[in-house]
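Going in written order, the chains are labelled A, B, C and D, and every chain counts its residues from 1.
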Amino acid sequence: MLEIATVFDFAHDSVIFIVGMTAVLASLGVVLCSSPIYCALYLIGHMICLALLFLLYNAEFLAVVQIIVYAGAVMILFMFIIALLGGKKEIQENSFHRAMALTFVFTLLGELYLSATVGQTEPIKGDIPPELFGTAKAIGLELFSKHIVAFELASCLLLVAAVGVICLAKFSFAPLRRRVR
Amino acid sequence: MGQEFVLLISASVFCVGTAGFIIRKNPLIMFMSVELMLNSVNFLLVTYSSFLNSLDGQIFALFIMTVAAAEVVVGLAIILTIFRTRQDMDVDHIDVLKG
Amino acid sequence: MFASSWLILLFPLLGFIGLSWYGSRISRNLVGLLGSGAVGASFFMTLVTLSNLMFLPPEERVGQVQTLYQWVSAGSFELNLAILIDPLSVFMFLIVTGVGFVIHIYSIGYMHDDPEYSRFFAYLNLFIFSMLVLVAAADFFFLIVGWALVGLASYLLIGFWREKPSAVLAARKAFVMNVIGDVGMVIAALVIFEHFGTLNFIDVFAAAPDKFRPNDDAMLLITLLLLVGAFAKSAQLPMHTWLPDAMEGPTPVSALIHAATMVTAGVYLVARCHVLYELAPVTMYLIAGVGGITAIFAGSMALVQNDIKRVIAYSTMSQLGYMFLAMGIGVYSLGMFHLMTHAFFKALLFMAAGSVIHSLDGEQDLRNMGGLKKVMPLTHATFLIGALALAGFPLTSGFFSKEAIILSSYHAEMGNIVFWAIAVLTAGMTAFYIFRVYFYTFSGELRSPDAHPHESPMIMVTPLLVLSTLALLGGFLGPWVDSFLGPVFGHIAEHPHDNALESIALLAGIGGIATAALLYMVSKERLALFKEAMAPVYDLLLHKYYVDEIYDYLIVRPTKAIGLFLEQKAERDGVDYVVDQVGLQVREVSHVISLWQSGKVRTYALNMIVGVVTILLFVVFM
Amino acid sequence: MLSLIIFIPFIAALGLIWVSKENQAAIKMVGVGAAGASFALSLWLLYSFDAANPEMQFVQMFHWVPALHINYLVGVDGISIWMVVLTAFLGVIAILFSFSQKEGLRNFVALMLALEAGTLGVFLALDTILFYVFWELMLVPTYFLIGIWGEGRRVYATMKFVIFTLVGSLLMLVAILSLTMVHYGATHDVTFDLRVLTLTHIDPATQMWMFLFFFVAFAIKIPVFPLHSWLPHAYVACPIPALILLTGAMSKTGAYGFLRFCLPLFPEAVESFAAVIGLLAATGMVYGAWIAVAQRDLKALVAYSSISHLGFIVIGIFAHNGTGIEGSLLQMINHGIIASALFLIVGFIEMRAGTRNLNELSGLSKAMPVLYGTFMLIMLAALGLPGLNGFVGEFLILMGVWTSSMFAGLSGVFVLMGGLSIVLASIYMLYMFQGSMQGKPDQNSEGMTDIGRCEFKLLVPACLLILLIGLYPKPFIDRVSPSVNSLLHLEKTVNLHAGEESDHH
C-alpha cells in the first residue's frame, strides 16, 4: 500500500509537472506567435492545462468554470473578433523597447523566483471537510453566505458590462480626425 | 508537487503575460496576455486554497473570472469600436492622450 | 492778549471757504465785497495786533506764542498748532494784508468781466491765508505747511485760465519747482528735529548758539536745505525759471505773487532763521553771492524783454537778489525794509501795467504800445512814480532802501567790493530797463492802430494812487522799520554814510534813466545800430540765457525718458519679463515632462513594470 | 462683537445666493445693509475702544480644532483698530459704487462682501491658523472679481496675482507651522495663539528664514518693489469697486502682517534685514513714482503711484521707532482713503468719457466743476500737500526714517529718495489732474454731465477725512501709540530652554 501510494504520488506529481510545463509553454506560444489566430489557439491550450491543474488541486467546480467561461465563452469571443478584424500578422520593430521590456520582465521573474524560495508562510488551516472541498456545493454555501454582497456586486458588474457593450456596439462613430498639435 | 513548483509556474506565466503585454502591438494579443496574467494569479489562488484547506482562494478566483469576463467583453467591444473608427490595429498609433 | 490774532488768519480762510462754496450763487458785487472785505478785516486785525505789540516794551515783543491745540504726538515727535506773534511776523502781516487788500480792490475792477469771478477771489483769499500761515507759523512744520499752501495757491492762480495750455504748463512748472523746495524744507526740518528734538522756532533758536559752533556740518546742512526752499520760492538762481512763466496768470496775481507774498517768503525765511544762518557764515556768503548774481543776471534779461509783464517779472527777481544780498551780508532789517518798499512799488508797477493791458484789451507786447501818456494820465503818473522808485530816484522809497543795501554791501562786516560793484551795475540796469518800458509805453505814438485805450475805472485807479503814495513816501519809514525789527534781529542795523559811494550808485541810476531816454526817446537810429552791434548778446538775453532750454534737455526730458525707460525696459522687459519667464519656464519644463506621457499604452505598461520591479528590488533586497 | 463684524458680510454674501438675480432692490438692500451694519459696528467698536490700553481688547475665543489646539480667536488693538474701521468704511463705499455694475450684480456684491469679510478677518485674527485661513479667504473672491468682471488681460492678471499670492502664503504657512513647533520645543505646549507665540524667544538663525518666509508673503501682498509685478496688471484689469477694497484694504494686510508678525516675532532678523528692506522700499518709492510719470492710462498711473506710496509705508515700519510706525499706520489709513477715492474718480471719468487715456481726455473741468473741486483736493492729498493727510503720514515716516537706527547709515539716502518720490508724485499727479481736467475742452466733453448727488456723496467722506486727518491727526495717532509702544518694547519671556528646565524639576 505504501508503495502504491508512493507510486501514485509520483504519478500525481509527474502529471502536475507535465501539465504545468505545458501551461508555461502554451503561454509562451501565446506571446511569441505572430498571427493572432495561433495565439488564441495557444491560449485555449493554456486554459485547458490550467483547468487540469485545478482538477489536480481538488477544485472541480473552478475547473469546470474555467473550461466553460474561459476556454469556452471568452475565447469564442476572441475568435469572433479575430475573424471580424482579420488576423493580420504584426511586424515587430522597436528593438530598444523590446530589450527594455525583456530586461525588466526577466528581472521581475528573478525577483518572483527569489521571493518564491523564501520559504513557507504560516499555514492557515481551514475547516472544510476534505470530501466537500472544491465541490460546487461547498463553494455555493460559501458564496451565498459569506460573500453574498460581493456576489451581488459582481452580478451588477456583469449587467453594467452588458449594457456598456450594447451602447458601444449600437452607436456608430464617425471616424476621428487626427488632432494636429 | 510542493509550493515552490506552483509558485514558479505561476510566476513564469505571469512574466510571460507581462512581456507579451509590453512587447506585442496587436490589441487582441495584448488582451490575451492580460488573460494570461490573470490566469496565473487564479492558479496560485486555487492551489493555495487547496494547500491551506480554505475555500476563500477559490471564491476569489471565481470573482476574478467574473471580472475578467466582463472586462474582456467590454474591452473587445472597445477594440472593435476603435478599429471601426480608425481602421488600424496598432496600439502605438493610438496616442491621443499624448502630452 | 494776542488771541485775537488768530482772526488775522481766520478771515481769509473763511473768505476762501465761503466763496468756493457759495461763490457761484451770490452776486458779483457781493463776491468782490466779501473777498476784499475778508482781507480788509484781516488787515484791520493786523493793525490791532500791531498796536497791542507797540504797547509792550521792546524786549517783550518777541516770542509771543499762541497755541490752539496739540496737533500730533507720535513717538518722540510732538507738535502744537500755534502762531508766533513778534515784530517780524507782524511786519509781514502788515505787508501781506495791506498790499493784498489793495490788490483785492484792484481785482474787483480788473477781473470784472471774467466768468469765474468768484473762483478768482476764492483763490486770492486762499493765497493770502497761505501766506499768513507761512509768516505766522511758530515752528518749522507749519512754516512748511504755509510754504506748500502758498505753492498750491500760486499753482491755482497761475493756472487760473485753465483752458489756456501755456497757463496750465506754467502752473505745473511753478508747482513742481515749489515742491522741490518743499522737500528741501522737509528734510531740513528732519535734521533740525534730529539735533534739537523740537521744531519750535523759539526753542531751536535759543538752543542753537550753545549747541553749535559756526560752520558746524549740521548747521551748514540745515541752512543749505532751508535755502533750497527759500531759493525755490524766491526764484533765485538756479530755480528761477518758474517766475517769468508765472506771468500767465491774471495781472493781479502777478502783483500778489511778486510784490506782497510768495516770492518774499524766501527772504522772510532767512530773516526768521537768522540765528541759524549766523552760525553758518559759509551759507551766508552763498546767499549773498547767489543774490548778487541773480540780481545782475535777471536785470540783464530784463533789458531786452518785449512783454511788459515779463520785464517787471525779471525786475522782481533782480530786486529779490538785492534782498538776498542784504540777508547774506547780515543787514536783515535793511533787507526787510527793501522787501517792504519793493512790495509797494512793484505792486504799483504791476497794477499800472495791468491797467495798461486792461485798456489795450489784453495786449502785452511793448512794441505795440506807446503814447498812452495822454489817454491814461493817472496810470501814467502812478507808473512813473513806481518806475522812479524802482530806479532808486532820490527821495522815493526805492532810493532809501536800495541805497542802504548797496552801501552796506561794501561797508557791512561781510560786504566787499565785488558785491558792491554788482549791486551798482544792477542798479544801472534797473533804471535802464524800467524806463525803457516807460518810454515804450507812454511816450511817442500808439503803435497798434486798432486799439482804443481808455483810462481805467476808479476802482482800479484808486489802489494805484494809494500805492503810489506809499511808493513815494514809504522810504521815510526806514528808521521805524529798523527800530521795530530790532528786537528780532537782536541789534539795530546801522546806516553807513559814504558820500563817494552813494553818489556813484546814484549816478548809476540816473545814468540808466538817461541812457534809456537817449536810446528810446531821442534817436531810433542809434537804437537800431546799438542792437546790431550787440546782436549775439541781445539774442542770448532775449532767450533768457537759454536756461529753459538747458533745463528742458538736462532735467525735463531725462525725467520723462527715465520714466519711459523704466516702464519699457525695467518694468516690462525686466521685472515682468523675469516673472513671466519663471512661469513660462515652469510651463516648458512641464511640457518636457509631459512628453513622457507618450499616449502609448505599451510605454505606460513598461513604465509600470519598471516601477514594480524597482519596488520589488527594495522589498527583496532590503 | 468682532465676530459680528466679520460674519455679517460673510453671511450676507452666502445669503445672497437665495436672492433672485433679477431682484435688484433686494440685492442692493442686502449688500448695503450688511456692509453698513459692519461699518456701524466697527464705529461702535472704535467708540468703546480703550485708547490707553495696549493689550488686545474684545477678545473672543471658541475651540475650533481642539485636537490641534487651533482656536477661533479674535481681538483688536491699536494697530488693527483703524484698519478694521477703514476696511468696513471702504466696504460700504465699494458696494455702493458696485451698483453701477451692469452684469451679474448679485454675484458681484456677494463676492465683494466675502472679500470684505476676509480682509476684516485678517485684521482681527489672533490665531495664526485662523489668520492664514482668512488670508486665503481674501484671495478667492478677488480671483473671481478680476477674472470675471475684469477688463483687458484679465485672465493673465488673475493668474499672475493668484500664483504670486499663493507662493507667498504657502511660505507663510510653513513658517506658521514651524513657529508653533519652535514654541512646542521650548514649552511642550501646542498653541497657535499669537499672543503667546510672540513671547517665545527664537534662535536667531531660525528667525532669519522664518522672517524671510513671512516677509515674502506680506511683501507680495503689499507689494514691495521687486515683487510688485502682479500689481499693475491686476489693478488695471480689476473692476473699480473691487479695486477700492483691493488697494484700500487688502494691500494694507501685508503691512499689517509686518507689524503683527515680523516685528514682534523676529526682532533680531528685523534688525539684520532692515537696511535691505529699507533699500527695497525706497527703490520702490522712486521706481513706482517714476513709472507713473510715464503712464497715460489713469488706472495704471494710480496703480504705480500706489507702489510708490506703499513703499513709504514699508520703510516707515522698518524704521522701527514710534514715529515711523505711527506714521506708517497713519499713512495706511491715508492711502486707503486717497487711493480708493482716486480710483473712484477714475471710474467716474471713465463712465462719462468712455476712456481712461490721458491723450484722449482734456478740459473736463468745464463740464464737471464739482468733480474738478473734489478731484483737486484728493490729488493734492495724494501728492502730499502739507495741511492734508498725505503729508502728515509722509512727514512722520520720513522723520522716523531719519532718526532710525536700523538703516546702517543709509537713512539720509532713504530720506532723499523719499523726497525725490514726493517731487515725482507732484509731477505725475499734475499730469493726471491737468491732463484730464484742464486744458481746452474737446468735442466729446460737450454732452458730459457732472457727477450726480449720489456719486458726490461717495467722495464726501473721503474729502472730509482728508481734511480732518490733515488738520487734526492727534486722535488717530493717540489710539495707535500705546500698542506701538508695547510692540517696540516687547520682552521675550519664554526661552528655548525653559521647557527642559521644568522637566528636570
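The rule we apply is simple: a residue touches a chain if its C-beta (ideal position, glycine included) is under 8 Å from a C-beta of that chain, and two chains touch if they have at least 3 such contacts.
Quick caveat: nothing in here was measured; it's all calculated off a predicted structure.
The fewest steps needed to get from subunit A to subunit D, moving only between touching chains, is 2. Distance from the subunit C centre to the subunit D centre is 38 Å, each centre being the mean of its Cα atoms.
Mean C-alpha positions place subunit A and subunit C at a centre distance of 102 Å. A separation of 62 Å divides the Cα centre of subunit B from that of subunit D. Centroid to centroid, with C-alpha atoms defining each point, subunit A and subunit B lie 7 Å apart.
Contact of a single residue of subunit C with at least two other chains is seen at positions 602, 606, 609. In subunit B, the residues that touch at least two other chains are 18, 22-23, 25, 92, 96, 98. Across the assembly, subunit D contributes no residue that touches 2 or more other chains. The complete set of chain-chain contacts reads A-B, A-C, B-C, C-D. Every residue of subunit C that touches subunit B in the complex is listed here, in rising order: 591, 593-602, 605-606, 609. In the complex of the two chains, the subunit C residues touching subunit A come out as 602-603, 606, 609-610, 612-613, 616-617, 619-620.
Residues 97, 100-101, 104-105, 107-108, 111, 114-115 of subunit A are the ones that touch subunit C when the two sit in their complex. Residue ranges on subunit B touching subunit A, taken from their complex, read 1, 3-9, 11-20, 22-26, 28-29, 31-33, 35-36, 39, 42-43, 46-47, 49-56, 58-59, 61-63, 65-74, 76-81, 83-87, 89-90, 92, 96, 98. Subunit D makes touch with subunit C in their complex at residues 160, 163-164, 226, 228-230, 232, 287, 290-295, 321-327, 330, 363, 365-366, 373, 380, 383, 385-387, 391-392, 395-396, 398-400, 402-403, 415-416, 419-420, 422-424, 426-427, 430, 434, 437-441, 472-474, 477-478, 481, 484.
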